[in-house]
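Below are two complexes that have chain A in common, paired first with chain B and then with chain C.
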Partner chain A sequence: MTGAATVGRADTAARRSRVLRYVGGRLLTAVVSLFAVMVTSFFLFRILPGDPVRAMTTGREVTVEQQAELRRQFGLDQPLWQQFLDYCAGLARFDFGLSYQYRVPVSELIAEAIGPTVLLAGTGTLVAALIGVTLGIRAGWRHGSVGDRANTAVALFLFSVPSFWLGLLFIVVLASGTGWLPGLFPTGGMATPGVDGVVAVTVDVGHHLVLPVATMVAVVYAQYLMIMRSSMLDETGADYLTTARAKGLRDALVLRRHAVPNALLPTVTLIFLNLGRVVGGVILIETVFSWPGLGSLFYSGLQVPDLPLVQALFVVFASAVIIMNLLADLVYPLLDPRVRT
Partner chain B sequence: MVAPHVPPGPRTPVARGPGIARGLAATGAATVLVLATMPTAGAHAAGDTEENTLTIAVSQQVDSFSPFLAQLLLTTSIHRLTYDYLTNYAPETNKPIEGLAESWEHSDDGRTWTFDIREGEHWSDGEPLTAEDVAWTYTTMMDDEAAATANGNFVDNFAEVTAPDDTTVEITLDEPQSTMLALDIPIVPKHVWEDVDDFAEFNNDEFPVVGSGPFVLTDHEPNRSITLEANSQHWRGPPNFDRLVFRYYDDQDAAVEALRKGEVSFVEGLTPAQADALDGEANITVNNATGKRFEGFTINPGAETQDGVEFGDGHPALRDKTLRQAIMFAIDKDEIVETVYGGYAEAAEGYIPARYEDYTWEPEGDDRIDFDPDAAETMLDEAGYEMGDDGVRESPDGEPLELRMHVHNDDPARVAIGKLMAEWLGDIGIGIDNRTVDPGVLSDALHAGEYDLIFTGWTVNPDPDIVLGIHTCDALPTEPGTMRGDAYFCDEEYDELYEKQLAEFDDPDRRASHIRDMQAILYEEAVVNVLTYPNAIEAYRSDQIADIQVQPDPGGNIWGQDGYWSWWSAEPASEHSGAGPPGWAIAAVSAAVVLVVAGTAALVWRRRAATVGDRE
Partner chain C sequence: MNYLEVEDLRVSYHTPEGEVPAVRGVGFGLAAGSKLGLAGESGCGKSTVALALLRLLPRSAGIRGRILLDGEDVLTMRWGRLRAVRWAGASIVFQGAMHSLNAVRRVGHQIAEPIRLHGSVPRDRVPQRVGELLDQVGLPGWRARSYPHELSGGQRQRVMIAMALACEPRLVIADEPTTALDVMIQAQILRLLDRLVGEHDISMLMISHDLSVLSGSCDRLAVMYAGRVVEEGPAHAVVTDARHPYAAALGSAFPTVGDPASRRAPHGLPGDPPDPADLPSGCAFRPRCAVVEDRCAAIDPVLWPVDSDSAGSAGRSAACVRVLDSAAPEDTGAPDGAETATTRVADPDTTLPTQESGAQY
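Entry: the complex of A and B
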């Protein structure tokens, strides 16, 4: 009796240490990646052609003194190693420096833009995943049916449509209105200037959110549909489903309790990976809908180049992917017992 | 004096009870329904509250609201609206007229200028505005390098600025200068700014911003909107609109749609295609204005520093004026105007755009270099550039005439011009390596002197001193990379004329004559080559704006004026509802659309449940 208990305890201890080693390993990888990203970011954008001071003063007469003063204000008069040290010291304090173009702390700009981006891309990803998974399950379960073929065709067609073009089409048809159809949604932006009050603002932002989210969903839901469909196909022939049916379970229950949970795993990974990319991934949609997010901020920063801004955004984008990957790695074993061992 | 902030138009979110469908469909539908029944706010809402709001689509970012730092067109345009300047430019003619200074005089030697400042003016916070504010603004820019960041060039030649009394400003110069009525410096309130520690870090973004212009800057949400309220106390009279809102549209086509819908009242920077599409639409007026810009390219005549140290790797044959002129003979400017600009531009010869009647210049008779490829070939043949077997000529030194051409890849018009030029130059035996590149790459090549032909373009102010000054020998780099201009052009005669026009402070006609002579030199030397003056194409809602002042008048632009004329003068149209169906109709239709969508979703949901049930 006591012997068995000891073995049990040793077993638990061994498993715990295995889990710790797993989690520790993933954490370490993430931290090392983050550090590499920070260093790369500094040097990567300094390779970009062009001179920020010249770009900022394009079309203006500036004296040599004025140029030198701008260089001093931007810290570009310092030797490279000094700039790098300042950058590292700043990072340690979450201080990314002052944007050249906006002349405000980069952290402020990012703080203002990250909300809109998460709202748009997060909503879009979730809705797309929901629709994609739902349709994917049906398509895979009844694979070869008319519904399957129609769904797959529509999804793939939309997937191949450029998001920029689709967004513009939505604006022309649904925002400004054509023929008998009046404009139902705003043409751009995230809010109507001057709207106050929590309820009014929520409604207003929601109203502005409809078209960008619809565009994003239309273009990306095919990913989820196709992955879900193919994982379902992998499961349809599985023996455990035959067993389940043999037990006399209804088809709906076989689908819900047995096939879907097993087929869902690849999709979950995809959702996590996409959530990580969400932060930097919808530049085109943000631009066409004038959505004040990180994507359009990055785009405007690259043109100068606004070094502090693009450096910081690169770090933010990369960190989001790294962190989401880490989360996926940590959540996966909880979802799938097979990964635990 | 700042108009109180009034909350915007009516909001009537209509909440319909659930029960359309079950579960997700129901919640989703209800949410969307509320959203869709929201009346379209914006310009329409303004009419209902008896406050007139003028909404302008913009895309450029805010670099800073500090007049000492702001360099971009959007922010400097906002300063035109929110601050007074010593002088202004007449809307009809672009000539300097009174601003904060009512009158002025200068000493016989032109070194001392006395300006009489308006009496009894106030800042938007109620403090008196005096000559001391003017003197303090200028002096600060002279003494503090950070305060000179944006406009230091204007006070470069100032020796001293004083305010002997509340209505007099006296400026003493090192040398006489003819640009004293073109000091584009916003006058800031001393009582606010003297407390600023570091002008490099103060962005002047505590709203409302204390100013003295016809509008007061009251709000800014980065990349979303900028709000200005009318200053009813302005000495020239209150603006007709109560509020200006600059709304961000990152995409120009989306901005055009916003105009078509009436969400914005004004859009600038239209492409010829957009202008053609908008032309003739109800309630939209397209303003096809003479432009302030010239577009062209420069030829590398051999890059060198002020001390004559040569650098870079420009093609040596380009030092030959004959070759440079032959290149110009091969270019068909009329064709560029037609095919690239769809007619929305003017073929250009002189350096200063035609809208500035006093200064613009055109060559006559034999001096003209008009499209004539045969003449170009004859010139090259006679100058010893022999045609090779491969269709590319060789210079008298035996070097093949293979030239690099740098074109900005972010400018569709330039890209199109570049393609045409490569073809035309190929026809006369000049091989072109068309490098359509990132502006940063192009700028690096220019400053390293590693180019042959390179595109450029400038916006020209009513006073052309700045664009003329960039081609003096003084603008050459002291060491590679520090050039002020964009051409490595250096000509003694040109420099003499430049000095003369700058010193000609009391005879505008003689100054203009010098300026025309300078353009003749630029034209003949063919280093700085002007191709077109593109039009400024803009459009506004005539059901929202009844009337608006252009500059110059007639034929001028609305956006980017020198002065506050357009937005100060803009008159609200009386019928605000204007185009489109009324709000309730939009709400009804959008609700109907949403109902159909939700209903279909519900149906699909039920059907699915049903089919699953059938299989049980």
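Entry: the complex of A and C
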């Protein structure tokens, strides 16, 4: 046993340095990507047409002096490189500047809106993943069956429905109420004014959450279903499943103990990547349901255009993807023993 | 009574392109404690036979015939009974243990799984039993915590063997247990399998495309061609003095052990293995046979006892018109008369021996 122990120790040391190198590599990639996003967001919104000062002052009489003052106040009179340096220095302090339209720090606006978005996008993704993965496992295991075809058809149909359209439909039918049907859910917002107390607020927010989450789930669960289904299909003919059957396991155990753990791995990665993407992806749903999140904020910022706000949100959306990507890279090896060593 | 008795086994796969008759009437018996080798080129139906024995074929496969395991017909068993017989009555060592083991489960867990399932030992003794099994196949106990990819090919195959022995089955089916390994390891694994099967008095059906692998460890050999057994008998006799031209070609030039090329085409045998979906008329071996005769196109020969006068032919049979000649001279008529041949085909049941009359051991 001493031999084994020594081998084990040498293994551990080698493994530790390998793990460190791996994690370091991923972190570096993430940092470089983040920097690229910041640079892009700065220049992207500078080359957009439209004069921000005009935008800020639409409908009001402003003198040329007032315009110049505004320009100076927002640093727009500086040369581009100076603006860029200020922008970078600001980012380092999480200072994204003042919003043109709200005249408050962008960071405050974002801090307020990020919670609602995480709540909506997180709940929606988890529910969609749960439903999609469960249905995908069944569909893939019994591929070609009636259940598989029905499941796939329904999911793809819903996937092809525009989310704002489905959201409006839900509002008309289930929130406003039609004919004999009473309005079961609130038409928008995240909370009813005046509701107090932890329990009451939780119930109220949950109530407001139902329709936006339902809309999101209906539109996105197909992705998880299809990925899980095709992962299962990849496994169905595999030799280790024949071994499991040869051992005398029931079909349900062959599925649960052997096929699913193998097929789940690619799906887990996808869930992480989507978690990052949905933060920016719920813009339409938030707008339809007046959900006070980053999406609604972005929508209002685009109409001005409120450069500092839009720019900052662009950075937030892209960072969410990058960070989730990093997490997926770090979590995957913990799940898959083949990558772990 | 034989522990395993296979009678007129037929398997065809339903594919979009049509029926693929992969096994076309195979029969053999395996006495308790004895070892039978099943040889033949790639695609001749060896694995199909192996999987059929425990009804492990995909749903696209249609199976007919009888498979008696300890007197019970596997093909008509109820599901519950079948699950109980799997692994505890007969287990399988698959080829290429990399894919036959679950990559995301520790090997100890995979060995313990059938032990728990079949209740072979009390629950609290399972880890100890796993340790014993690993020890038997020459692996240290801490290997139970390894994942398959952390083991070498030979070690993985040892794990497969430990797993196959886990429930103390009376029959082990080894489907190309060493094909994926290099020559040195092949010999080690074969010796190990041979020893353990002998020690535990287990019957073994060993499958290989390589006669030299089988002749070393098996009592008897059956050579398959295009979904049928074309020759069977005592291992030594089949290797040194085959009566079927295909078996002779397989044995005459011993293929190099482990040479992948010899898997497809044995030395000295021209042509490709036949496509089971498109077999020639008459003898399936006809297009490649060096001693083909006119009548071979009309007659589809079945296993027939080899003339018992010649030395070393006791309990032997082969499926070739030339064997029919020597075995039953009065039955052949004109040796190469096309007319006689046609008559035979017209009335096969009365003039041709049936498949069952062949392998009885």
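The rule is short, and it goes like this: the second predicted complex is superposed on the first by the 331 of 341 C-alpha atoms of A that agree within 3 Å, B and C clash if a C-alpha of one lies under 4 Å from a C-alpha of the other, contacts with A are read in each partner's own complex, and residues count from 1 in each chain.
The criterion applied here is as follows: a residue touches a chain if its C-beta (ideal position, glycine included) is under 8 Å from a C-beta of that chain, and two chains touch if they have at least 3 such contacts.
Owing to the predicted nature of the structure, the values given are computational and were not obtained by experimental measurement.
K.L.:
Considering only the touch criterion stated at the top, classify A:206 as touching first (chain B), second (chain C), both, or neither.
P.N.:
It touches chain B, and chain C stays clear.
K.L.:
Tell me which partner A:274 touches in the superposition: chain B (first), chain C (second), both or neither.
P.N.:
A:274: touches no partner chain.
K.L.:
Contact-wise, after the overlay, does A:64 reach chain B, chain C, both or neither (first, second, both, neither)?
P.N.:
first
K.L.:
Which of the two partners, first being chain B and second being chain C, lies in contact with A:189: first, second, both, or neither?
P.N.:
After superposing on A, A:189 lies in contact with chain B but is clear of chain C.
K.L.:
Applying the document's definition of touch, where does A:215 land relative to chain B and chain C: first, second, both, or neither?
P.N.:
neither
K.L.:
State whether A:112 touches chain B only (first), chain C only (second), both chains, or neither.
P.N.:
A:112: touches chain B, not chain C.
K.L.:
When the two structures are overlaid on chain A, which partner does A:290 contact: first (chain B), second (chain C), both, or neither?
P.N.:
first
K.L.:
With the two structures laid over each other on chain A, which partner does A:250 touch: chain B (first), chain C (second), both, or neither?
P.N.:
both
K.L.:
I'd like to know which partner A:242 touches here: chain B for first, chain C for second, both or neither.
P.N.:
Only chain C; A:242 stays clear of chain B.
K.L.:
Counting contacts the way the document defines them, which residues of chain A are shared by the two interfaces, the one with chain B and the one with chain C?
P.N.:
Correct list for chain A: 250.
K.L.:
With touch defined as at the start, can you tell me which chain B residues reach chain A in the complex?
P.N.:
7-8, 11, 13, 31-32, 34-36, 38, 40-42, 45, 53, 55, 61-64, 69, 71, 145-146, 148-150, 152-153, 156, 200-201, 203, 221-225, 227, 245, 247-251, 253-255, 257-258, 260-261, 263, 410, 438-441, 443-444, 447, 458-459, 466-467, 469-470, 478, 482, 484, 580-581, 585-586, 589-590, 593, 608, 612, 615-616
K.L.:
Using the touch rule from the top, collect the residues of chain A that touch chain B in their complex.
P.N.:
On the chain A side, the touching residues are 48-51, 54-57, 59-67, 69-70, 73, 98, 101-104, 109, 112-113, 138, 168, 171-172, 175-177, 181-197, 199-200, 203-204, 206-207, 210, 250-252, 286-290, 292, 296-297, 300, 303, 305.
K.L.:
Which residues of chain A touch chain C once you look at their complex with the stated criterion?
P.N.:
These residues of chain A touch chain C: 1, 4, 8, 237-240, 242-250, 257-258, 261-262, 265, 336-338, 341.
K.L.:
For chain C, which residues count as touching chain A in their complex?
P.N.:
Going by the criterion above, the answer is residues 51, 54, 56, 58, 83-88, 91-92, 94, 96, 99-105, 113-114, 117-118, 140, 142, 147, 149-150.
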